[in-house]
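Before we start, here is the structure in question, set down as structure tokens.
As written, the chains take the letters A, B, C and D, and residue 1 is the first residue of each chain.
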């Protein structure tokens, strides 16, 4: 384990320190306003000119100087009325209390918190707030002047998000859609049969439902392509229908999990990568939803930056949505460090993001398609 | 591993079977409409009166009878124009194809699917749709005539859901709130400082922020109780404020993780259980959000049923929201089998649920408080 | 919500019921031996010939008959010495207590527990024990007479499991290895540089390490194939080395995430599927470790059964190892219902499985390679 | 999004740069040894004295200078024999290639990687190796001279780890055990009935099993305490038995989930915290397994450091084991930044850790109890 010596309190930066100030507790279990709240790091308190560590160090405690001039870290509930409690906020010694953070936080290249004791310092967590307002404003800006690429996994179609994804395509927010065979298969099954993998929009399995995705694939294979199936009326709604009717380019990449596959799927993965890359080099924003495979593949191809018209650089906005922290961390561990993680269910993400975009468009008086019957549930037609 | 004999095809139920029907594939890689789509279970096809298993069984394939009268399970893409493909939907032998599901699915008490091969048969999955419309209608009905209890973990307050939870309290949807010290501490820190554990509503940590929850606790301890802190204006907004001002009962149960704790917290866990139970015996619905500890504790106390005024029984609607399948499964594994799992982020759940409830109230002309400035983010005031 | 009427206690099966028996509690908070332990389901107790439900139903409680002949579900700690407590184990009414399980558990095709109230009824959970002894015995049996296929994700190589996987190959337990480009790339990087993605075997990142996997790929591309790289001494150890030197067939399937790819990788996914299928049709056991993509792809191709030499069928042993319940449930939701889930870290799984296999081999006096220096850590040479 | 200007190449540190060096590709799709492997950060290549960015930036590519003196980031597989490829490792400009890492990685206090592009930079991941050898050596050292506290959740007892935990207690590796009611209840149920929550050691549920933990609790309540139950022979094996017979102190903290509780459980959480703290202030190492509640509670009380006999400080070794990254990250987010995360199944962790400790003890000739029949599975006696 790492070892440390105590700080050198003869150093210049401690020259102007003063003794710590103590105030009496106003009641049993109540601390004076402005009490110093401890951390779990080595802490030094200046008393009569010398620096002293408290007994029984812990975080979230008060510093109590007892009648014998002994100093303790003590929970607030255990402090008695009149006991002397250290007050102060500064942790740099200027108010007579020094927290030796650098020793413990600065030696480690992966340490978080910027050299200061903090809570909630981790990078990706379901406990972090999700700022849909900011995302909505970025997306609207990208619609004007950029090329946002969307990279989606099949969870988007299994659930209610299919209608929302269709809305984003129809309203011009999608520069290109990168996905796999399954996204298109589930979407087309939903268009033809109202199910995905035989599961209805309300989550029930259906008798004989396990064959429906195969029937959907077969009908598109018979039509020759997704575009032809749309033109023949075989596919009448949904994500792929919107891409075809709105001329939004899509790339469907094959994988060994594929049933079929659909006629438009790149079965050669080098060809698929080249097709993806054609969009990645133009991308000014990336939204990666519910797919580790496609998200990491796209992250591999994306620069972390965009060159602005004025020649300066900006970070390429990269949003990664997944139900677990793991996929976002894995994406970052593969080098896409700029990704901002949103840990949530894909269908809920899509619904709220669209709601915020709609509000913002309405507030600015920008046009949009009427909201579809948004309260409808499920994958159905 | 379990072993099985083949089915007895001399049994009465097979007496009226007929030979399977085959149709030619209309093109290379395209199957005839109505093709039989295979499962991974033992499958028997009646040809010239006798039952035959295909070679190379697999799911999602077609059954092809080749020129040598050999039967194969074969992927659609590998079928050639004119090859003979079995057609039919029934798996019970009536159309000449029998899937021996019972052998493999019926011997196991934990087997899902009701004795039939199905996809998406698992009980709890982020891939299942979430029917917010149904939940909104149940909740409105419960407001009229029931006693819905809400059991919440601190993730609800860390993030944007604080405003939504407050809205549900203010609009009469909460019979009682059961939570721990941390929910109230984070909520009160947000009211006083605009942060939770020192993290702002947009997810940034703040300098000195690690002490803010301790300062919030201390001020309430000084006030004497949460209700007194509300009356003194020390707590001016949020969940606890709404409970106090709307007379919604709350139970704050202590745990060993607690800082403080706040004065209202039951530190004796038997007393806390008794207080919880006082609400559990009246409950007609339970909504458990982002807490394994409190959800399981409440589940332990809840009957799985409600006795209706007419003396009949109905299932007690129990919704469990968590970011992972594990917590819901664990709740069920502790006996609360009736729980319906929603695998999502707590803040997104709250926001969409409220949106659906608002829509439904508006559609029925029922009153509600004006929506707060819903687009505001974070935990802030 | 589902509704139910009370059971018909005039039915024949209740004809021989008797009144429930009550015994006094021997001390405050202590129940009589043999007390009836409640569930959360509707429960009926026969008292003086008529069936009565307790007040305040809950699970894990005792049934107490108070001085007013009122019946209560009550926690043991609240029962006073001398109070009358129902005794009995049977829940079918035969001892005067009837639990109406069928109403609540039998109406739902996805309900678990086989119509009885149980804890720990879920199918896949990290809380279930893992029986390595059974797995070891199956694996040894398969080595004798079967064709076990191993399907592995890159987590196996990132961590210490590389040495263990190599051991299984060298000792004849692997019929075929199905994996992706990344497994081979990480393995070969470890052989050449002692790192995986630039991370050392002890988890440290290295300066310039991010390029090492690209250098490894390039050297194999220069050699022409993995086999040639082994023959030229460019690859001197590890998983791929063992496959080449022991003539164990492997299939490396391409995906859009691939760097390179290595020369042996199938870049066409239909060709990759055909190659995988060539092994799947021969498989008598499948071990799927730390890969959703390859596990589901393989599951799609596998029958759920094996035909034994005597013509009978047995379930095809299918073990799926992942850090989360989700991947196993997803595999099952895609139809591979026979999969047995092991929720753990891949490297720990491999290490313990090998340990149990070694013990079993030693106990039977079967040969094996000497254990490599098993205490060595990391991916290194 | 953050914006950046290009680096100032007139700065002193670029004064000694030279032009980048290019070498021809030796074959189609094969790069020259020593090729520069790109990142996704802004990259500048010095050609004829001026710094130029490549077209189509991406990571894991080569830098190719084409016949028109245009520079490209290009995948190795697309490079043709004889094309000019940049060579070099340094990213600081000294070899004519400069990666502008600081702009993108240095502005963010939560950025990982220490200002350099790296893979696998995240702090907690199931993909990181677990160094059991190091942990074993630390634990043996702590047995000699320290006070290691173990903080355990019930997953440890549900599964096979019960025997291993007992072994660690019996062999002197446990200074104190901190846990909740459930750990002791499951352990004692296993001792009395061979089940936990009615589940056998091989994972099967048992008829009537749901009441067994209540019967176990009741028998200990009848005995008066765990110690008395051990003395009376009511508890004959396992974790609590070992604590009692080896005089290892334990603290059982109450929670609202508790059935019973057992007589030794602190039902007042402030008293429980005080009891835990009594051990925390002495702790020189902490091992936190499969419990968020108790791990965070303990982390709150622990200093991040130990004062050595020589007055210097060392980091307090803190190991946190959980099936998901989330619990470890949450612990760190609550301030226990020093925690080292092990993402695995608790039972596997215990088994391998013990194996390594046994090996190390044997290698050093230190005594230990004979290994129990280690191949026995389950919770059973």
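Heads up, the rule we're going with is that a residue touches a chain if its C-beta (ideal position, glycine included) is under 8 Å from a C-beta of that chain, and two chains touch if they have at least 3 such contacts.
Fair warning: this is a prediction, and the values are worked out from it, not measured in the lab.
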Pair joined by the larger number of C-beta contacts - A-C, A-B: A-B
Taking each chain's C-alpha mean as its centre, the one farthest from subunit A: C
Centre distance in Å when subunit A and subunit B are each reduced to the mean of their C-alpha atoms: 21
Intercentroid distance (Cα basis), subunit D paired with subunit A, Å: 22
Averaged-CA centre spacing for the pair subunit C and subunit A, given as whole angstrom: 29
Shared interface positions of subunit A, touching two or more other chains: 39, 59-60, 77, 113, 117-121, 126-127, 197, 205, 210, 259, 261, 270, 273, 300, 323-324, 326, 333-335
Subunit A-facing residues of subunit D, complex: 1-6, 39-42, 56-60, 75, 77, 103-105, 109-114, 117-127, 138, 270, 273, 277, 280-281, 299-305, 308, 311-317, 324-326, 329-330, 332-338
Subunit A - residues contacting subunit B, complex: 26-27, 29-31, 33, 35-37, 39, 59-60, 76-77, 89, 91, 113, 116-121, 126-134, 155, 158-160, 197-199, 201-203, 205, 207-211, 213-215, 217-219, 221-222, 259-261, 323-324, 343-345, 347-349, 351-352, 355-356, 359, 375, 377-379
Subunit C to subunit A touching residues, read off their complex: 109, 197, 210, 253-259, 261, 267-270, 272-273, 276, 292-294, 296-297, 300, 323-324, 326, 333-335
